[in-house]
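Order of writing sets the chain letters: A, B and C. Residues in each chain are counted from 1.
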Amino acid sequence: MFVKTIRLVTILAAFAAMGTCAFPSSAFAGETTAETNAVAIDTVWVLIAAFLVFFMQPGFAMVETGFTRAKNAANILMKNLMDFSIGSIAFWLIGFGIMFGTTAFGLFGTNGFFLSSANPSTADGQWQFAFWMFQVVFAATAATIVSGAMAERTKFPAYLFYSFFICALIYPVVGHWIWGNGWLASKGFIDFAGSTVVHSVGGWAALAGAILVGPRLGKYNKDGTSNAIPGHNMPLAALGVFILWFGWFGFNAGSTTSGTNLSIATIAVTTNLAAAAGAITAMFTAWFRFGKPDTSMALNGALAGLVGITAPCACVSPLSAIIIGAVAGTLVVLSVEFIDKVLHVDDPVGAISVHGICGAWGTLSAGLFAEAAYGQSSGVGAVNGLFFGGGLSQFITQLIGVLSIFAWVFGTALILFYVLRKTVGLRASDEDQLKGMDISEHGMESYAGFQIFTTE
Amino acid sequence: MFVKTIRLVTILAAFAAMGTCAFPSSAFAGETTAETNAVAIDTVWVLIAAFLVFFMQPGFAMVETGFTRAKNAANILMKNLMDFSIGSIAFWLIGFGIMFGTTAFGLFGTNGFFLSSANPSTADGQWQFAFWMFQVVFAATAATIVSGAMAERTKFPAYLFYSFFICALIYPVVGHWIWGNGWLASKGFIDFAGSTVVHSVGGWAALAGAILVGPRLGKYNKDGTSNAIPGHNMPLAALGVFILWFGWFGFNAGSTTSGTNLSIATIAVTTNLAAAAGAITAMFTAWFRFGKPDTSMALNGALAGLVGITAPCACVSPLSAIIIGAVAGTLVVLSVEFIDKVLHVDDPVGAISVHGICGAWGTLSAGLFAEAAYGQSSGVGAVNGLFFGGGLSQFITQLIGVLSIFAWVFGTALILFYVLRKTVGLRASDEDQLKGMDISEHGMESYAGFQIFTTE
Amino acid sequence: MFVKTIRLVTILAAFAAMGTCAFPSSAFAGETTAETNAVAIDTVWVLIAAFLVFFMQPGFAMVETGFTRAKNAANILMKNLMDFSIGSIAFWLIGFGIMFGTTAFGLFGTNGFFLSSANPSTADGQWQFAFWMFQVVFAATAATIVSGAMAERTKFPAYLFYSFFICALIYPVVGHWIWGNGWLASKGFIDFAGSTVVHSVGGWAALAGAILVGPRLGKYNKDGTSNAIPGHNMPLAALGVFILWFGWFGFNAGSTTSGTNLSIATIAVTTNLAAAAGAITAMFTAWFRFGKPDTSMALNGALAGLVGITAPCACVSPLSAIIIGAVAGTLVVLSVEFIDKVLHVDDPVGAISVHGICGAWGTLSAGLFAEAAYGQSSGVGAVNGLFFGGGLSQFITQLIGVLSIFAWVFGTALILFYVLRKTVGLRASDEDQLKGMDISEHGMESYAGFQIFTTE
């Protein structure tokens, strides 16, 4: 009567002797047809892609931990755990409905909260569950980007509130505009897997947060120069980048939300080539500017390439993907330097550059490199970008989207962090920063027994 | 004639020019039908799920390593490697047949040893291989739980014997009772993915082992108070928890053993929400009790939520999943404290609480929260728990199962570890514990070159 | 008009209320049939397998980092990032065409460069993309093996040139001979997933490189004895091995390039059992020879078992897989000792033994253990090896392949590294080795803040 016994029912004569590991019977009784199989293939694909995107969480956690100091490791890990956990609940309660509910004026959704309309007895209901699973990990990806930029000096309670609001409200509104029948969707804005929806949202929120929390103690000198504060664990950071690259295959190719859409193959290829190109150009850019091929810059270059290709991955050729990734890899090095040395915004892991700047670049690049042959088969549509005879119109649409999302996210995040600063408090005291956030916020050490010299 | 040449045969005209990367031909020649595709979808799903569950091995290894001291890292890693390796051989030789062979009196299986009945020339035979692959990683999961609870003071050779016996005998008997047409299966006991079959088995064996091996040197004072012995690497522990969460999607959703069973979608959702809820409540519980939000407790809370939802994941709603996970997250914090401070059983990583206690809770919770609409579509059956109008009967069945499994596992594990203590020896000498198990048992250091201060 | 809006079109009445997360529509419009579903299953399987094989990159990176010294970590990580990145571009530009293009005299392919023949508008074109994705991660696996053997003393720029040439030329030629309609393919040589094509190629190139770059400073004494230079991070090394094991399921079972070929199940089982057996016998071999069960040897034993089973995984029984893995596990320990103490070739991570020697063993083992029942269903063909009544002929074919590939790879790699030594320079100066490659080549530390005592 129960699942394992169903599983055990002897369906096939060949199993009669042993009697236990027979083929499972399908749950939704009825004929097996090509159509039911196609639904199963899509569901399996979307879920596996969702699991891969979930796995990007430890990718972010390891990158952020590796690029910051040992005394703040448990804090950044805890933030990564909590933005996903709180984000999951917030997206279930509110966010998903705001993002995918029936639109109100193209601005936000109005129903579908806490999966209320998903009926587990129907294939449609199960699809809603699968779709939700795929979407919640995207929401949490947007959320988790911010912890890196605000690392090493942000109070933990403030971060919990932030996690709730970005997944319940700030992110879902953007998602609705672009993926949820909102006003940008109806303009033909292209953001296949979320260079803007996910990465720029995270990047612009990170920018607002980093500005309002201020730089880490000891980051900037009185004469305006900046001190490098090296991260404490390059193997973790590299592991994190490789994990992100791995998860990104789910992020981009999963965004067909269909395994029967064969363009998942092209998407995997463009994703991989852009990442490779980004790593290479970031390495050479750093080499030329700083005299040595810095490992952390090359790692960020791979991420930059991935962020860049996320919007156009389903509508550009492999060669265009390489160019898009290569530009992103160069851009991220210059942007990290600019944000640090010119803007004096302290972003310990380069999150604003990787996700915000390269997310914008990637989104715009769709207006330049899109080719109808690619976009048509993936479902993006038969669009040609500026470089392929399509004129400026798609690029302008992309630009409108990039700017609108910047305005919404940067604006609301500024308000959010400002309110948090005035209420629960945003910035850890100098003393707490000196001791490290692990001791001051969590009462623990991350590397008990190791001899560690902490800077500042 | 060989596979790559088969792969290369030019099937499609479009490939004639290039001639090499044609579509593969199916091995089991014959017509492609909806039925053969359904078998393929199920096989692909079960194997990918099995790979994800395999990946939980490094999850456990990292958690256990991170939560213990640097001087014992190579030892705990080796135990994790060996319980899987020896467990794989033991389960192939004996365990699988005991678990899924034709039942003798509902107590144990009697055939199917070393995959003898699996004929690779048939689809049925291949299904046996796929099913075995899925089951062996479950067996090894039960096995690997114990190394954490007995960490830092258990002799390595004893652990090798233990690994063999749990995968050959102790675990498969439980598996037979519940998943292999045994007596609990016929009572309608619900344990969809193994809160009891896997996690409680590991947890109760860990309890027996931790009792018999005794506490680590320096853990308890003469006045009965307990010393905290902090783990040495929080990033590894956090990475391990994220890896486990990732693998758990395969563990739970894979337990349909069918990708055409669309309830894999609900299962993924309930699994994720319970984990998120567990992390959150564990954090707050620790915060209230200890004054700070301890990162390691929140990490264990996520695991607690996952263990809890494992039994009922396929028969409860998302909201119930959140409640089940939230209770588990609170429970694990209280249980860790109780086992340490009241029972004085030294469990360095909290394995008994996470897997034993929360496994029991999760199993019982199926009797409280089950809803027919969910269970029916997944194959659990149209069961309603106490809170949904089903009365007490399912809860009582669950309780009988929990208690029976406790009796069997705790009893046999006590005997096993007692015999090992009297023969090969169970507990490392004080001197060896002081030097660390890495030096004393394996003649090596885990962190050569790092300055490490070891406690005790 | 764009993808997310397509995704949002309300196809099903049940979704009308919410209107947003309807089933995706297939991109290649037309009827859904059993045949289109089979293509989708194969594509999904090959891509997921490719992602798993990609994930072996951090596996190698962590193993190599863990088994070497802290002062060289950022360097080895960067090499792992760059061999994949440069390798991806090289394989796209040149390698794939050399490997799978129309053959010239059975020696190399002549078309298909930079995916020029893949048309995204057709299912065939998408298959080419999927196939390329699967192949590029194999090429990069061959490439990445070398960095471990040449670790801690090889100049970074030389490694970049090497990465290009192995993925553009040396590896693809081997691939063409065996998997691309080349002369070994037509002889019936069996190398299902690449014991020779991938692992021996990496291993023999590593041998050439390690010879030409010379041993690390301080590795060998004047009296000919050898000093152990312990790795700095066993948890990372163990994590790397588990990641590799995980990825190997994609490597071997993915090599059907078909999810509708049910022998993916047998392949997963043989792969797993061989790895387990290799870990166990390596542990015991080390125990007998050195007095203690060395963790790093057991880890290498698991890899040895995996490398060994890679060629025969689809044509041998589970029992044979265990034997093949067990032999590999013993062999790797003896080989590591022989190469170090007798040949005086300095291979910090044992890559030559794991990939070269065990790759050769695995390839030969197919000629001994192949059974028609297994090979027939997977597509290898109805071959019986020497131990199953097939006589010596298959073994001899295997031997010819092993020797030919050794000659080609060792020869060309010697030339390549010799030219690099004479031009860009191959070996880091003694001073740079003392400082560590991280400082000297990349201007950074991997573990800022940690107190580290570097040997030599």
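Rule of thumb we're sticking to: contacts are C-beta pairs under 8 Å (C-beta built on N, C-alpha and C of every residue); 3 or more make two chains touch, one makes a residue touch a chain.
As the structure is a computational prediction, the values presented were derived from the model and not from experiment.
**Student:** Would you kindly state whether over half or under half of the residue numbers at the chain A/chain B interface are used by both copies, giving same or different?
**Tutor:** Different, since under half the interface numbering is common to both chains.
**Student:** Rounded to the nearest 5 degrees, what is the angle of the rotation that puts chain B onto chain C, matching CA atoms?
**Tutor:** Fitting chain B to chain C on C-alpha atoms yields 120 degrees.
**Student:** Calculate how many whole Å lie between the centre of chain A and the centre of chain B, each centre taken as the average of the chain's C-alpha atoms.
**Tutor:** Chain centroid spacing, chain A to chain B, equals 29 Å.
**Student:** Where does chain C touch two or more other chains at once, residue-wise?
**Tutor:** 34, 37, 39, 41, 44, 48, 119, 127-128, 132, 233, 239, 447, 450-451
**Student:** For chain C, which residues count as touching chain B in their complex?
**Tutor:** Residue list for chain C touching chain B: 34-35, 37-39, 41-42, 44-45, 48, 52, 69-71, 100-102, 109, 111-112, 117, 119, 122, 124-125, 127-128, 131-132, 135, 178-181, 185-186, 188-192, 230-235, 238-239, 241-243, 245-246, 249-250, 253, 255-266, 268-269, 272-273, 275-277, 279-280, 283, 290-296, 298-299, 302, 314, 317-319, 322, 373-374, 376-381, 383, 447, 450-455.
**Student:** Which bits of chain C are touching chain A when the two form their complex?
**Tutor:** 1-8, 12, 14-15, 17-28, 32-34, 36-37, 39-41, 43-44, 47-48, 50-51, 54-55, 57-58, 61-62, 65-66, 73-75, 77-78, 80-82, 84-86, 88-89, 92, 114-115, 119-121, 123, 126-130, 132-133, 136, 156, 233, 236, 239, 438, 441-451
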